[in-house]
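Order of writing sets the labels: A, B and C. Residues in every chain begin at 1.
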Amino acid sequence: MGLLNEFEQRNRVEIGDEMHRFAGELYPICRSITGDGTRQTLAMIQDRIPLETFEVATGTAVFDWIVPKEWNLRDAYIKGPDGKKVVDFQKCNLHVVNYSAPVRARMPLDTLKPHLFSIPEKPDWIPYRTSYYKEDWGFCLSHHQMLALQDGEYEVCIDSTLEDGHLSYGECYLPGQLSDEVLISCHICHPSLANDNLSGLAVAAFLAQFLVGRDLRYSYRFLFIPGTIGAITWLARNREAAGRVRHGMVLTCVGDNGGFHYKKSRQGNAEIDRAAAHILHHYCKSAEILEFSPYGYDERQYCSPGFNLPVGCLMRSVWGTFPEYHTSADNLNFIQPKQLMESLQVCTAILDILEGNRCYRNLNPYGEPQLGRRGLYRSTGGEAIESEINARLWVLNFSDGEHSLLDIAERSGQPFFAINQAAQTLCENHLLEVIPEEATRLEQSEGATYSGRQRSGSHSNS
Amino acid sequence: MGLLNEFEQRNRVEIGDEMHRFAGELYPICRSITGDGTRQTLAMIQDRIPLETFEVATGTAVFDWIVPKEWNLRDAYIKGPDGKKVVDFQKCNLHVVNYSAPVRARMPLDTLKPHLFSIPEKPDWIPYRTSYYKEDWGFCLSHHQMLALQDGEYEVCIDSTLEDGHLSYGECYLPGQLSDEVLISCHICHPSLANDNLSGLAVAAFLAQFLVGRDLRYSYRFLFIPGTIGAITWLARNREAAGRVRHGMVLTCVGDNGGFHYKKSRQGNAEIDRAAAHILHHYCKSAEILEFSPYGYDERQYCSPGFNLPVGCLMRSVWGTFPEYHTSADNLNFIQPKQLMESLQVCTAILDILEGNRCYRNLNPYGEPQLGRRGLYRSTGGEAIESEINARLWVLNFSDGEHSLLDIAERSGQPFFAINQAAQTLCENHLLEVIPEEATRLEQSEGATYSGRQRSGSHSNS
Amino acid sequence: MGLLNEFEQRNRVEIGDEMHRFAGELYPICRSITGDGTRQTLAMIQDRIPLETFEVATGTAVFDWIVPKEWNLRDAYIKGPDGKKVVDFQKCNLHVVNYSAPVRARMPLDTLKPHLFSIPEKPDWIPYRTSYYKEDWGFCLSHHQMLALQDGEYEVCIDSTLEDGHLSYGECYLPGQLSDEVLISCHICHPSLANDNLSGLAVAAFLAQFLVGRDLRYSYRFLFIPGTIGAITWLARNREAAGRVRHGMVLTCVGDNGGFHYKKSRQGNAEIDRAAAHILHHYCKSAEILEFSPYGYDERQYCSPGFNLPVGCLMRSVWGTFPEYHTSADNLNFIQPKQLMESLQVCTAILDILEGNRCYRNLNPYGEPQLGRRGLYRSTGGEAIESEINARLWVLNFSDGEHSLLDIAERSGQPFFAINQAAQTLCENHLLEVIPEEATRLEQSEGATYSGRQRSGSHSNS
């Protein structure tokens, strides 16, 4: 029984609720690209799935980058001329510009102002800002707060540490029959932002949980990493594993109620791109496929030209395009159990294709085999056939060793699920046989050859 | 002079009338996949064209199938409780489910009913049903007849035989300069149904008649066969000949007044596919090109993956999509002389392309040759040129050994006829020469290479 | 600094005025495919740019053609029955059918009429007609003049000579770093017709003038030649040079106020085709790209199958499609300084692409390089990036040795200019390096391979 089939037999309402609850537990933690918030987050994921965590020391060279200092924040506030707190980190961790250097000072409003950020168009919302690679400090506040600031002397406190320490990330590896891997990656560096990216984190964790203990064709690797520097660090330390990635997805913004978007990998026609497009086309209303561009989330790193991995990015609303993006309005109300569950289902359906997309061989390729005497055809001639029989004819006609089931699904316009079903029925009736995996790999289509080339390229570089 | 040109000089009204008359003569015969009806049909075709007939014994293995028993039907009826015939085979041969096993019995209406078929939505029409591969019996009747049946005991008689015998089919082979073949196939197994497929049968026979005695480039093979089992039987007995098929068409439903439809071969871009699309585009209003699918008529067998022959299917209305399909309303009024003639003309025009589609070589490839001094250009400069001269420029520019005349017609947007005309004029003026056939074959485009590969593949398997 | 950048810093109003003035000086000259008018025209071009002129003797065989006699015309007129001139060459050189044989005769109107040409629909305009390759004579006149002709005896005089002499053409060769050439060609055979082709001639001359003395990547060859026979003559005498042409354009009708049109080369996807399409798409309103056809101006000869050079044709209004075409209404008012200047700018922008379209290599292909620490990224995280940074990401991601800057511009949707700018910035920051020219050539894309094949093909034929 396929993954999708099994998933659909679960209590999906409950799964959605549970994912939302999990996001809610993670929401208050003050995360960043390094520090204890990230460690705490990884520990909470570890409660659910087998997760190995890694600590990479500050100063470690990773390609063109250096693992930065570890940042931890105990408290932060601005006190007004009257000594009352006008901005308080304890109320919302977005108030501090993420990765701010420590500061304790008194200053007039004019000196303070360049360190303050608000959104005039959304006066109730607090923006999210970072200053990772330029040492600085700052506060984010609502525009209402900003306007209420009176002239006078302010006391500023950011009780942070920015010291040598470690960058933390987690890996959940689930071995399958093949050493070839499917990579699922999500960034865990954002503090109290729900859609970006507690949604991705929750869906990835629950997807891993769903796969644990199953007999899988591919091996799966789930990465829970800080954005950009985390992906670069992982790639720098895992060039061999990167060379085994045959399909991959970055998950982000998968909890809001927008339609689905899949951004294609740099390869543009990789199997993952086709599988995602197939599922979005057949199962999702108003879904959209986006061309690759080198700006985005961690697919930027996986799709850098030295790796060129077949890794796309699955989203509901596209990051950066909805007003709540990178503000305090991206909160737990902005993501919903039903939407999280649908995203998990779409992921499962895509993996269902990857797992089942094999090449088969028609054992009676000369003319059609006589389906009727095997009970695989209608019995009274003269009427139309059902789509089930039609799927069998498609599979038989194109199982010539050159077409995979996904090829056949695409050409026939039928859902992969139906085509795969037909293939299994024909196998049971000895009319079809699967082509052994190794042979399949040698005869692969463009996308796979690409990743094949990639693989050896990576080896020689590691 | 080309085929199309010659055809257009015939009395086309008369040809249409004659085809319709021929269909009328064949209409009353009770045909099936085997039996005397088929033999009688072949004999009537033999009166018009040189046709070799074949008899293949019941029980012969043909790929995954077995040649079935021979079916013959003398009489059949249902008598009501009052002893009167309520259904009578003598009035319409569709009344008997085709290939029904013999039966002689008395039974109450309730027992009879599962053996009766009607069309509630079209209460005047008798449906056409078959039961080839599951031994059974039944009657088809109009829904008015069905409703009129009173409770009571009925007498049922199907005076058929279902015994070891033969499957019959006919071949008309017309040798040309090349051993490469054009295959025209039509099914002859349907009883009193005019569009499906007396129309295809008449057009095929008259097309063969038109070609007899001509100096042809290709060899032509016309098959008059029972559907499915006939095509499979022919393929199983003629793997070498199948390997010589370079182009082919199945003809069906070519007599009604719908617009033309051409269903592409599995190869999808074979020369026949392009030739048919070209003719339908240039000469037919509201014609449509359909993608290949493995469900349909005998192109299913020719396009099975072991053969993958470049065989498409030409229709006017698409089988299964018009209400008269497989009912008594598909009668001699449903097909018309004019429509039959147009279909014959379209076939001729397609063959005209196949016959004339050669590669030529421009003998003055450096700059344009001076057409003016050969009287092939306008004489006063400064004005636009005519389409005739334009066709010459296209042929000269693209006759580089890599483009066939059809390639040039497609790229220029001009009809093949005009491009071919230009090529002949340029040859007469020693500006162009045809590339010898063998060289052409070696330098062939994708479609042909495909069938080339196919050919050797078939040989090694036979 | 790129060509386009430099051009835009010129006084473009002045350049437009100067081009129009130049066209005005050339306008009165009676040109033809041979003769002193052409020589005088070349001499005036020689005043502006280094131009080598060539004289090819009458009777010289050039491929399928023979260099024709030299034509010179002193005077021509028709005198009416009353002895007054009713048509006078001195008033407009279009009055004489170009290349008319000498004639001195008296004849009645009826005998004269077959030699007279007018345009009934445009009764004020004089048509332009030629009779190059059939010895004949004639007059062109306005339809008003035609209607005013009374019965009676007319005196006809064409004081021309049609004798052995020479065909004249000019070449301006500007050597660059590569021996590979860019060809710019325009026909100079038309008499008083401004858009066709004093416009092309002026733009070509000013483009050459702009390039003189610059450090260029490609070598440039500007041809000022009579139409058809001139191109054929040049090709016949310069097969090696033709083999070095990597990009080329014919310039005609570039002075009117219509939108731009670029007709693609026979290759259809040559770099020049893509460069022209890119510029017209990004900078010109309502521009249109036309498919190649073998009818047109001298691209017909450059794109003949023996050469198949990547040479397109740049126009504003397409020749033959505007009513003024080949009439006296194609005069100096029909072309305007601003339009001529825009055409020159478009040519410059296209050459700017050709000069700058190199392949680069990302020196940090594994993950992204850290742009931030080099000041090439925004400093505060969380907000959108500017298009400048986006261009850098595109260049980095696709500079894998397989994509040229034009490839990247096309895929990203950004203008070539911005992509090239990003590449230069990245080179200065040691993040990118240009791939040496020779290597580039070996790894070339389809278009270039084509011309590479072409090149050797030509050699073996010369």
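The rule is short, and it goes like this: a contact is a pair of C-beta atoms (placed from the backbone, for glycine too) under 8 Å apart; a residue touches a chain by one contact, two chains touch by 3 or more.
Nothing here was measured: the structure is a model prediction, and the numbers come from that model.
Trainee: List the interface residue numbers of subunit A and of subunit C, divide the shared ones by all numbers used, and answer same when the ratio is over half, different when under half.
Mentor: Subunit A vs subunit C: different; shared/all numbers falls short of half.
Trainee: Overlay subunit A and subunit B by their C-alpha atoms and let me know the rotation angle in degrees, rounded to the nearest 5.
Mentor: 120
Trainee: Centroid from C-alpha atoms only, then distance subunit A to subunit C, rounded to Å. What do you get?
Mentor: 53
Trainee: Which residues belonging to subunit C are in contact with no fewer than two other chains?
Mentor: Within subunit C, no residue touches at least two other chains.
Trainee: Flag every residue of subunit A that touches subunit C in the complex, lowest number first.
Mentor: The touching residues are 62-65, 97-98, 127-134, 228, 231-232, 235-236, 266, 293-295, 300-301, 303-308, 320, 326, 461.
Trainee: Once bound in the complex, which stretches of subunit C touch subunit A?
Mentor: Going through subunit C, the ones touching subunit A are 362, 364-370, 372-373, 379-385, 390, 393-394, 396-400, 412.
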